[in-house]
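I have a structure here, written as structure tokens, and I will follow up with some questions on it.
A, B and C label the chains in the order they appear, each numbered from 1.
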Amino acid sequence: MDILAYLAQGFVVATEPQHLMLALIGCALGTLIGALPGLGPVNGVALMIPLTFNFSLSPTAALILLVSIYYGCMYGGRISSILLNIPGDEPAMMTTLDGYPMALKGRGGEALGLSGVASFVGATVATIGLTLFAPLLVGFAIRFGPAEYFALFMLAFATIGGVTSGSLSKSFVAACLGLLLGTVGIDAVSSVPRFTFGWFEIYDGIDFIVALVGLFAISECLVFLEDIRHSNKPTMKLGSAIPGMRTAWRCVPTITRSSFVGFIAGVLPGAGAALGSFLSYTLEKRWLGRRGDFGNGDPRGVAAPEAGNNAAAGGALIPMLSLGIPGSGTTAILLALLLSMNITPGPLLFQQQPEMVWGLVAALFIGNLMLLVLNIPLVGLFARVLRAPGWFLMPMVVMVAFVGVYSLSNSAFDLYMMLGFGVLGYVLRKLEIPTVPVVLGLLLGGQMEYNLRRAMAISGGDWDILWNSGISVGIYAFAITLISAGLVYGWLVRQRRINAG
Amino acid sequence: MSEPDFFTVRVSGVIGDRIAGAVLLALAVFAWWYSYTFTTGFMQPVGPGEFPRLVSVPLGAFSLYLILRPGLNQRWPHRAALLRQAGALLLLGVYAAFLEPWGFLPASLIALILLIRLFGADWKPSLVCGVILTLGLYLLFEFALGMPLPDMPGLNW
Amino acid sequence: MTILTHARHGFAAATLLGLGLAVSTPSQALPIDECIAPADPGGGWDFTCRSVGKLLLDLELVDSPVQVTNMPGGVGAVAFANVAGNRSDDSDLIVATSTVGMTQIAQGKYPGDADTMRWLAMLGTDVGVILVDDESEYESLDQLLDTMVNDPDSLAMAGSSGAGGWDHIRALMLAKKAGMPADQISSVRWVQFDGGGPAVTQMMGGHVDVVSTDLGEIAGFIESGDVRVLAVLSDEPLPEPFAGLPTAVSQGYDVTGYNWRGFYTGGDVSDEDYSAMVETLATLYESDEWKDVAQQNGLVPLWRGGEAFNDFVRESIGDVEEISREIGVME
């Protein structure tokens, strides 16, 4: 029962007034940054690093501030997803799929409340997992070699048909387009520029934030402009912020399953929160099948990705702290912060710096609670935002997106590219080709390719390595089961329709 | 509440899907062909061209399917809408070009006023809201978030 | 000299004062307000930037925090191209580099050669290590090299550089000393990971057999006993806590493989700014704080600055080019 003693000590550290204050600031600021499209946890955490130096915060205090921002962003990202159909950051992308339809039906408040609770549960599950099982999970994570990662990414793309209720082939077209866009830039293995055509600006590849903001925010504006008189009519009601008992109860199993899926995705370095929320959504959709109404405002379609991405964010801290390997862009920056404070995360961190580690864990529990409490009164504030006319709201969103994207590289080139992606996103929408798979392909394509190439380097060019381990075979079998179940189900529905008609 | 507009009007996608399919098919073929120009480095069983080729096969196949079995599209915009959209894109493009040389404040002020106007507001609210939004965003980014914005030439703000 | 350049900035600003608005006060800061780490956060270059940036502030060599910009891609090629193209005369900018970056230049993988940049200084050096898992069948360097020479197909090695990069070359230099024929070099498989840490954890998971990388990044795994060090590639045994690790030299293989950490700046930076930057870095190097930071991170403090460093870089590039040709990485 060492753990409980350590945790108790951690709570003593975390409840020092200065630390509580920092957690509160972090949570509030994180929610704001997360909600602004174009700004995500990576920006939030990166922006705070100089601040921690300026105030010469202790490593523990700095880490508490940054992790609160990290968790806050995960909470905040969903707000604009639900209210504006524009994800605040990439893990919140999946929340648009059912959150926005819910808002259109006048249940936006409920969606916000529910997603807040789901986020809280997801993050808490992850924090408990981090507390109890960190060493065990590290042992599990290192069994994932390149071939197993490749299998995991194959699973993600095999289930991509589940993203939208539209045509299956259109989802796959979108995913392939994203994967192809993901190969643009200098190849990290051979240093060969690919599809850059001499444009230096894309040597480092297409930034997925640029693509995300373009595909969602700019294209949303273009949709708005189709019929401004109609668009400017304030039609949306927010409704109650407290989800009804029945809705909440129906979401309990969903949240439980999704927290688990997200947490596992987070623990695997390189997979990250976006994969966590994606897999939670698609797997939940498959699981519920006909019992769900995903894509048309099913509350469980909001609960699943939110529980998933928050659980993944917590899970990602495990490889970062105990192996020194960042599982996502944000944890990479947290790692950098620790390194510059002369703390080297790694197998000895838990022994050498127990005060810091357990203070952090306690701060995560406290931060979670704070975010949940903060979010309930905030729903009222969001209601006011929504009542603002579209001609005010949309230009504001565009401006925030411009500044956010501009801050990535300080060059106008990214802004033009964002506009280009805006047009692409608009055209894809009109064609009913979903945009979510494009971003996912772009986001995960690089890791997918490099793990494939690493696996082949290990085997010396023998493709058998891809299905040579129990884990990969298990993942492929799971993927095939999901796909065939989907096909059989689709066939049954069609048969029934034919019989009925 | 008016009719929920997520049940958007759908039209036949015979033309749209076929054009898109053709464009994407051409892209897949081009990627396949072009990826052979990537030289494989020292001791690499799988070179830089392999993955783009692996992706272009399903891309090509699904685009072909799109051409052969087109689905539904959403209603395409009318000419007035198209003009408005083109105007917005042009405005934003020009804004991007002037953001750095002019600085954030003047460039954003002008862009925002015109943008709000384009989104359907009258001149008066456009002017007022443009000023408020520009200042608000400036304060938010420059001070609250500490993200440096492009300054006006010669000035520190 | 720095005062001169600031006077020039001040003059430029004053000419714009005609607008009658407040003007930025010419700052008293020494040049260096941004450090580009040509990699993602967490690796060696990122550490170089962040630790040096923090020390510059702590030692009051600059008066506002040094901004660290991560610009990953092409093992530093993206940052190199960016600085060469857009910021070649930016005297406030330093870029972290190391033996790894220099190897890329030697092998012609950067868009430019050593003359494209001005080389400021090196502040310390990391040391190469050859590691296996603590439960590995390989107990000694002899045993490992024996397998490499006689049964090269059975091994998968990994590191943070690509095939033909510095981590790979160091391991191959050992194999060559052990008598591996040149035509057999490509039989030992090489796997590139995003850094030393991921390479080591993949080895612990049993996916690769041997790791060749720098000590600094993976020191924690050595201290925790998760890995076994077969050889350290330094001339002399390392200071505590790594004094017990065997060097390759002591085992009869005369191979050393250092990885120095240093900085370059744009090629069009003026002589006076250049010497001011070198001087700032020299002051930093002299401080006890740097010695502490270096030691804690497995670096040996080592100074070469200004023209001496310039010459050293050119000389090293020549050496690496030669080794690369010998091993078959080039041509």
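Please note the rule applied: a residue touches a chain if its C-beta (ideal position, glycine included) is under 8 Å from a C-beta of that chain, and two chains touch if they have at least 3 such contacts.
Just so it is clear, the model here is predicted, and its values are computed rather than measured.
Taken as a contact graph, the chains are fully connected, with every chain touching every other chain.
Distance from each chain's C-alpha mean to the overall C-alpha mean is smallest for A. Across all inter-chain contacts, the pair with the most C-beta pairs is A-B.
The distance from the centre of chain A to the centre of chain C, with each centre set as the mean of the Cα atoms, comes to 33 Å.
Distance between chain B and chain C, defined via averaged C-alpha coordinates, is recorded as 39 Å.
Here the spacing of chain A and chain B, counted between their Cα centres, is 21 Å. Annotation for chain C: residues touching 2 or more other chains are 162-163, 190. Along chain B, residues 41, 44 each make contact with two or more other chains. In chain A, the residues that touch at least two other chains are 50, 187, 189-191, 457, 459-460.
By the touch criterion stated above, chain B contacts chain C in their complex at residues 41-44, 153-157. Contacts from chain A toward chain C in the complex involve residues 49-50, 53-54, 141-146, 185-191, 200, 203-205, 269, 323-326, 332-333, 335-336, 339-340, 342, 344-349, 454, 457-460.
Every residue of chain A that touches chain B in the complex is listed here, in rising order: 33, 39, 43, 47, 50-51, 100-101, 104-106, 166-167, 169-170, 172-173, 176-177, 179-180, 183, 187, 189-192, 194-195, 218, 221-222, 224-233, 235, 237, 296, 389-392, 394-396, 398-400, 402-403, 406-407, 412, 415-416, 419, 422-423, 426-427, 429-433, 445, 449, 452-453, 456-457, 459-461. Chain contact summary for the complex, chain C toward chain A: residues 40-42, 46-47, 50-51, 53-54, 57, 65, 67-68, 71-75, 77-78, 81-82, 85, 104, 109, 153, 156, 162-163, 189-193, 195, 197-198, 201-202, 204-208, 218-221, 223-224, 226, 293, 296-297.
Here chain C touches chain B in the complex through residues 13, 16-17, 19, 21-24, 162-164, 186, 190, 328-329, going by the rule given at the top.
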